[in-house]
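One structure is given here, and the rest of the page talks about it.
As written, the chain order gives the labels A, B, C, D, E, F, G, H, I, J, K and L, with residue 1 at the start of each chain.
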Amino acid sequence: MKILIIHGPNLNLLGTRETGIYGSKSIDEINNSLNGLAKELGVEIAIKQSNHEGEIVDMIQKSKNYRAIVINPAAYTHTSIAIRDAITAVNIPAVEVHLSNIHQREEFRQKSLIAPVAAGQVSGFGPESYMLGLRAAVSIANAKKEAV
Amino acid sequence: MKILIIHGPNLNLLGTRETGIYGSKSIDEINNSLNGLAKELGVEIAIKQSNHEGEIVDMIQKSKNYRAIVINPAAYTHTSIAIRDAITAVNIPAVEVHLSNIHQREEFRQKSLIAPVAAGQVSGFGPESYMLGLRAAVSIANAKKEAV
Amino acid sequence: MKILIIHGPNLNLLGTRETGIYGSKSIDEINNSLNGLAKELGVEIAIKQSNHEGEIVDMIQKSKNYRAIVINPAAYTHTSIAIRDAITAVNIPAVEVHLSNIHQREEFRQKSLIAPVAAGQVSGFGPESYMLGLRAAVSIANAKKEAV
Amino acid sequence: MKILIIHGPNLNLLGTRETGIYGSKSIDEINNSLNGLAKELGVEIAIKQSNHEGEIVDMIQKSKNYRAIVINPAAYTHTSIAIRDAITAVNIPAVEVHLSNIHQREEFRQKSLIAPVAAGQVSGFGPESYMLGLRAAVSIANAKKEAV
Amino acid sequence: MKILIIHGPNLNLLGTRETGIYGSKSIDEINNSLNGLAKELGVEIAIKQSNHEGEIVDMIQKSKNYRAIVINPAAYTHTSIAIRDAITAVNIPAVEVHLSNIHQREEFRQKSLIAPVAAGQVSGFGPESYMLGLRAAVSIANAKKEAV
Amino acid sequence: MKILIIHGPNLNLLGTRETGIYGSKSIDEINNSLNGLAKELGVEIAIKQSNHEGEIVDMIQKSKNYRAIVINPAAYTHTSIAIRDAITAVNIPAVEVHLSNIHQREEFRQKSLIAPVAAGQVSGFGPESYMLGLRAAVSIANAKKEAV
Amino acid sequence: MKILIIHGPNLNLLGTRETGIYGSKSIDEINNSLNGLAKELGVEIAIKQSNHEGEIVDMIQKSKNYRAIVINPAAYTHTSIAIRDAITAVNIPAVEVHLSNIHQREEFRQKSLIAPVAAGQVSGFGPESYMLGLRAAVSIANAKKEAV
Amino acid sequence: MKILIIHGPNLNLLGTRETGIYGSKSIDEINNSLNGLAKELGVEIAIKQSNHEGEIVDMIQKSKNYRAIVINPAAYTHTSIAIRDAITAVNIPAVEVHLSNIHQREEFRQKSLIAPVAAGQVSGFGPESYMLGLRAAVSIANAKKEAV
Amino acid sequence: MKILIIHGPNLNLLGTRETGIYGSKSIDEINNSLNGLAKELGVEIAIKQSNHEGEIVDMIQKSKNYRAIVINPAAYTHTSIAIRDAITAVNIPAVEVHLSNIHQREEFRQKSLIAPVAAGQVSGFGPESYMLGLRAAVSIANAKKEAV
Amino acid sequence: MKILIIHGPNLNLLGTRETGIYGSKSIDEINNSLNGLAKELGVEIAIKQSNHEGEIVDMIQKSKNYRAIVINPAAYTHTSIAIRDAITAVNIPAVEVHLSNIHQREEFRQKSLIAPVAAGQVSGFGPESYMLGLRAAVSIANAKKEAV
Amino acid sequence: MKILIIHGPNLNLLGTRETGIYGSKSIDEINNSLNGLAKELGVEIAIKQSNHEGEIVDMIQKSKNYRAIVINPAAYTHTSIAIRDAITAVNIPAVEVHLSNIHQREEFRQKSLIAPVAAGQVSGFGPESYMLGLRAAVSIANAKKEAV
Amino acid sequence: MKILIIHGPNLNLLGTRETGIYGSKSIDEINNSLNGLAKELGVEIAIKQSNHEGEIVDMIQKSKNYRAIVINPAAYTHTSIAIRDAITAVNIPAVEVHLSNIHQREEFRQKSLIAPVAAGQVSGFGPESYMLGLRAAVSIANAKKEAV
């Protein structure tokens, strides 16, 4: 079972950027934790990052070999209908994750365009959000396999 | 470490109520799973349910001996400032969980009055939402202990 | 055939409360008329009143033996998602009635949270609204029986 | 006692039009039921239909010999201030009826311009809405006579 | 110089309709005053009334021989884009008049769709509004003639 | 194959009315072009015009022998739920056309009540909009025939 | 009979200011016309101008000897609750006039705070608006005298 | 003269709850001050607290022997139409008090559903708000007695 | 201890202006009561009135020798950011008072620009509002002195 | 005469993506049809697709040799001011096309940022929308040539 | 070349007022810097301050001998249509400056009524905003001279 | 001291694009002026342009060696949360500049997502906006150095 993990714009700066909100862990540390958990759960993961909306659309379109996507769309959460449409188009379950609790932030960050087409959303637990998101993705993928 | 789990209004009917949205598991089955996971994680849990806003306020006010709260406020998610104030008043981290993905439902269910005062939110994974929520609560409580 | 009739908050004061809006008939007089009409239509009715949102949720949850509910949710019409969810949960047709024409009153009284889950609504005919509501409930219950 | 019954635009197509929403009874079948009930209640009724807003205004203006109006303004419910003004101008009590529960439909069908000047509203009971509307109209007309 | 005067829907009931708002003068008395003033100002007038939006559009389209229009669109003031378009299409100056002060009435009567294409508006002086409107129309027509 | 073409209010004045927006072609010239194209496409067309909302509702109700409707509802685009309901009631595909690009005009002209029940919309190409609309109507009608 | 005429802020610049909107007549020319008309109607007038909101409030408060006020509140039309309250406080009928048609201008100029407490409004006829306003004021004052 | 004082939800925690906003005085200390002031003013008071909306409705319904109510509705200030209706129903003057200045807090705390049916409101003076509220209640009750 | 009392626009007309809303007491009678209460409380007061927004800003700017301000901003309550900024700039506690209950009046009177920078607000008790406001101001000033 | 045709994001997946909404034709099949029609109309076309907003801006900037653009901006229709500005900057007529009827879809898909700067819009006819759009583009380009 | 510089309400308190937002420089220090820069740029400046909206309107009306205006309208930025109209009336380019970045402050400070009639706006650079504003004013005035 | 200057989408077309709004100077001419001013102020500048949102995010992320950024985000001003987040992430002061006065343009151009995280904004002075922006950036960078 392969799971695709996508980090959206500015997440490559994690650990140096607004640490009061996003925490002090770097993206590499998070990726290490994700790889560890993947091993524990017996799944394979691929991790990608981009600051470009169009590149993220491309990544999702090419995800046919994955069983689920874990995506932190960051700023594009609130502005990208193109990413939303890509998720719908490939028809692979996507779990939306956020480091911060988006419901406690600026008005324009409280509405997600991705959430209505995602399988579910995990928001506000810092790097732990990614771990919970990966667990959720595996659980959904397993449920689907069993349903078959 | 003790964790309080609160089921809000109408959740006592789970498994018989709108199963298309909420799934076919009864509240007892969910509680059994929660007890199993608690044992696995080595924590103690107490589980309560009420249809009365005032009783839930009371429960939270009396939660001083707990390290965290996992709460599914159900219908009160969207209308109860009293529950919100109670959470702020006791100053214990609360994890908000929902069975359905509230961001895919009616307009009035997409806005949570609880979220801005909760530690985080898990929404949309069916009974699995409670399991993820319990994990999150334990993780937060541990982080706090370590910080001390 | 048994029909449940529920009076919401403050309706126990009918006849003494704002008679310019709600008329001078007491709740007992209305209940007498309802009992008379029930006899005429050959149905059995039970009548309850409460000022507590939670109690009304309980009443609806315990209405499994009734064929229909006639409910005047009064003030909770505009704020109670819990009552709305209870009606959906029990899956018994509910007829919403109002003494006054809610469309002629304050802005916040013109929107009913109950209406979208009710079978229909009767509003503005004073105590006669209850009589029409009971007739509607019987008609719906009969239609359902025939459909079986 | 004479009662005027007005069917608004497109209601002449009842029984063939969107039967999922409006039911399979034709306008003639409804009119027959209304005539039957009128006889039972001992009142005289006149029934008219028009697709033209101006003609409905004319009908209402010429209704001086009637004791009450039962009107299903259909599409004009939401757009016609002229019909609203006509009802106010003639000063005869009007009962607004709808086949479908307008509170469950598109946003723009949930607001009635007629309701604030109507005596009351009956909505959502299919053809039975007309029967309840006629009963309400007779009840109001009787109350007025007694008041004299 | 010929001026066309148009009375909109329900104005044929003036003097009997909501006299608290619209006054006790009948439409015939207002027309007499208008004829008197027309004579005094040395202009010819034609007076028409209709409850039908389409007929008022027709009247305006056929007004090519008139130098100005004085129109009280009544209820259509707030709903008719068709009358607005007709005024723009014939390119004859229109003076909008209202008996009551529309700015003191219901929210939906405070916005005029006609005003942005009218030369000007007179509102709130009862039957005197028509007299001032006729004076304004003559003044505009004269100004145009001089400009030639 | 017969197609019905309906011109809404004020379109009879085309060529003389606001030529900066609507162009200098008269309604007769447009109708000639439509007849020419109909011949080319091998379909029969009937062309009607009315300034009256009710008459347009009547036209649509009587269109049972037509395979499709091409309609420019003009001012009624933005105000007529009755025309919308008529289109839904007769269940014949309707193509909505506009001479001007309604998305570049006043706020209230940018929202169409007809579009959600139309098959599609062509807007902004002047008289060419009608030609494209007729082609679209024929294409839809053919597709339906094939589907049978 | 004495009538008070008040010019609001920036009207002292008339004839030099945005002549495309306000016309080329100076405030002195308008005042001359007003004096001429006053003589013709047999009334006495006083004319004042101020750029200061407080001064206009003072003027109105000291208007007890006048039978009516004709006021062009200019920019304060849309912002001054103080002038509105002053008009209500002195209880003398006020006629609101505007040179331009405020309904054709910027959004914020289309709402008048004065209109709901004015007797009526004349808008859009250039300097002629003042003449019509003076006639309206005299007509109202006469009607009041007769009523006594 | 008897005055009823009602503390709404969560106020039983005063002194321990968010002391930065609500101050460090406990509810007992406030009640002592109220009893002292009552003695000084020569009135009798009864003090009640509840976290339940329905219980507060009941309290108000049973307040017939009191001359005035001083109520701090706390979180219910912003959501309870039932309490609002109860105040209107018993027809006893109610003075609304708040410890914090609700106009400086979150958007949803700035609108009071109770204020429009209260005699007046005192907000922002900490425990002193209750003292001012009691004085206001006595003053209103005296005025009423004198008016008799 | 010196307290500054400021009456806003149109309050100099109290007792003659809309007595149904503002009561029949003149401003002199209120001032007399204030002076009496000041003597009783052992404080010195200065009382000022102005219809000019700028003058009130000046008064506040020159209030450095006062320990607190009691202000009824009247109409400027809803429009003056300048008065709001002046209160913030001088950093002296201000108590906002209103004769009428502003929450029961026109929409635009229900929002105070002053409240978010005031210490607290007293609204709806007629002249008694000023007395309660003065008491509140003295209480705040005393609390501040003690804190030093 | 050369025409540029641009497919926006996710359209490369046509035929496999949400076929209930977008139909079963692949982008290659549509392009073949477009090439066939281009030949029939005697024009040359170039066809491009991109998932990147910036690339589409670049394409439009480099379109100087084309006489018109036919663009389906897909998801960027609703979010891209940059594409809008590019269309305005190059000053070449653009025809906006949509496969689905955007007026029948989610709220956020009903508003086009491109429409106000496009020559016109064709929406809802499936692949036929492109054919009608190409015809419209040719017609506009011919009209421009004739005007020279 | 003469430039007029206008400081709006409360700016005379600069350096003592909310220094966290507005900085610690007094108005005299800013004026000295402005005089120094004026000398450097070879222009003459006049500096005025007022707390009165009407006086600022007067200042602008009397600015005919100046080539440009630099204005910090402070609180009136958001409320004064009278100052806006005065700027339009005198037809002299005005540069709007703000010490703080108004786009980072309260909602009501983010909308400027002056900006749409100003030549441009400089916001957020503290006292430096005035210096940049003076440079901009000189640049605009020079451009105008050259254009002649 | 090094300053980064970023031109957003479509600015590479300056001088040819909508010259009525953006002026006739090309981007090269503006860059020349910027280089001249940089020399005069003794600072080093780098100038970049892109039509791609992701590329601009990349540019900002790589700006660590610069002391300040001057950015004209053009169309992305109103839609890009990603650019906003990048500015916050790198923690270098950014000065936002616009050629046109965005407050005089379409509604959607009047709100900047960048302004709340920018140091300040200069808008409306044509190419001069860049010069003022560069001066502001140097002034901020100097102030920071002094603070160290």
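FYI, contacts are C-beta pairs under 8 Å (C-beta built on N, C-alpha and C of every residue); 3 or more make two chains touch, one makes a residue touch a chain.
Remember, predicted model here, so these are calculated numbers, not experimental data.
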item	value
Minimum number of chain-to-chain contact steps, chain G to chain L	2
Path length in steps (a step moves to a chain that is touched) from chain C to chain J	3
Size of the rotation, in steps of 5 degrees, that lays the CA trace of chain K over chain L	180
Gap in Å, rounded to a whole number, between the CA centres of chain K and chain D	63
Gap in Å, rounded to a whole number, between the CA centres of chain L and chain F	48
Set of chain K residues in contact with two or more other chains	52-55, 79
Full enumeration of touching chain pairs	A-B, A-J, A-L, B-C, B-H, C-D, C-H, D-E, D-F, E-F, E-G, F-J, G-I, G-K, H-I, I-K, J-L, K-L
Partner chain H, residues of chain B touching it in the complex	52-54, 57-58, 61, 79-82, 84-86, 88-89, 113
Chain I - residues contacting chain H, complex	101, 103-104, 112, 115-116, 118-125, 128-129, 132, 135-136, 139-140
Chain H-touching residues of chain C, taken from the complex the two chains share	9-10, 12-13, 16-18, 50-55, 74-76, 78-79, 108-109
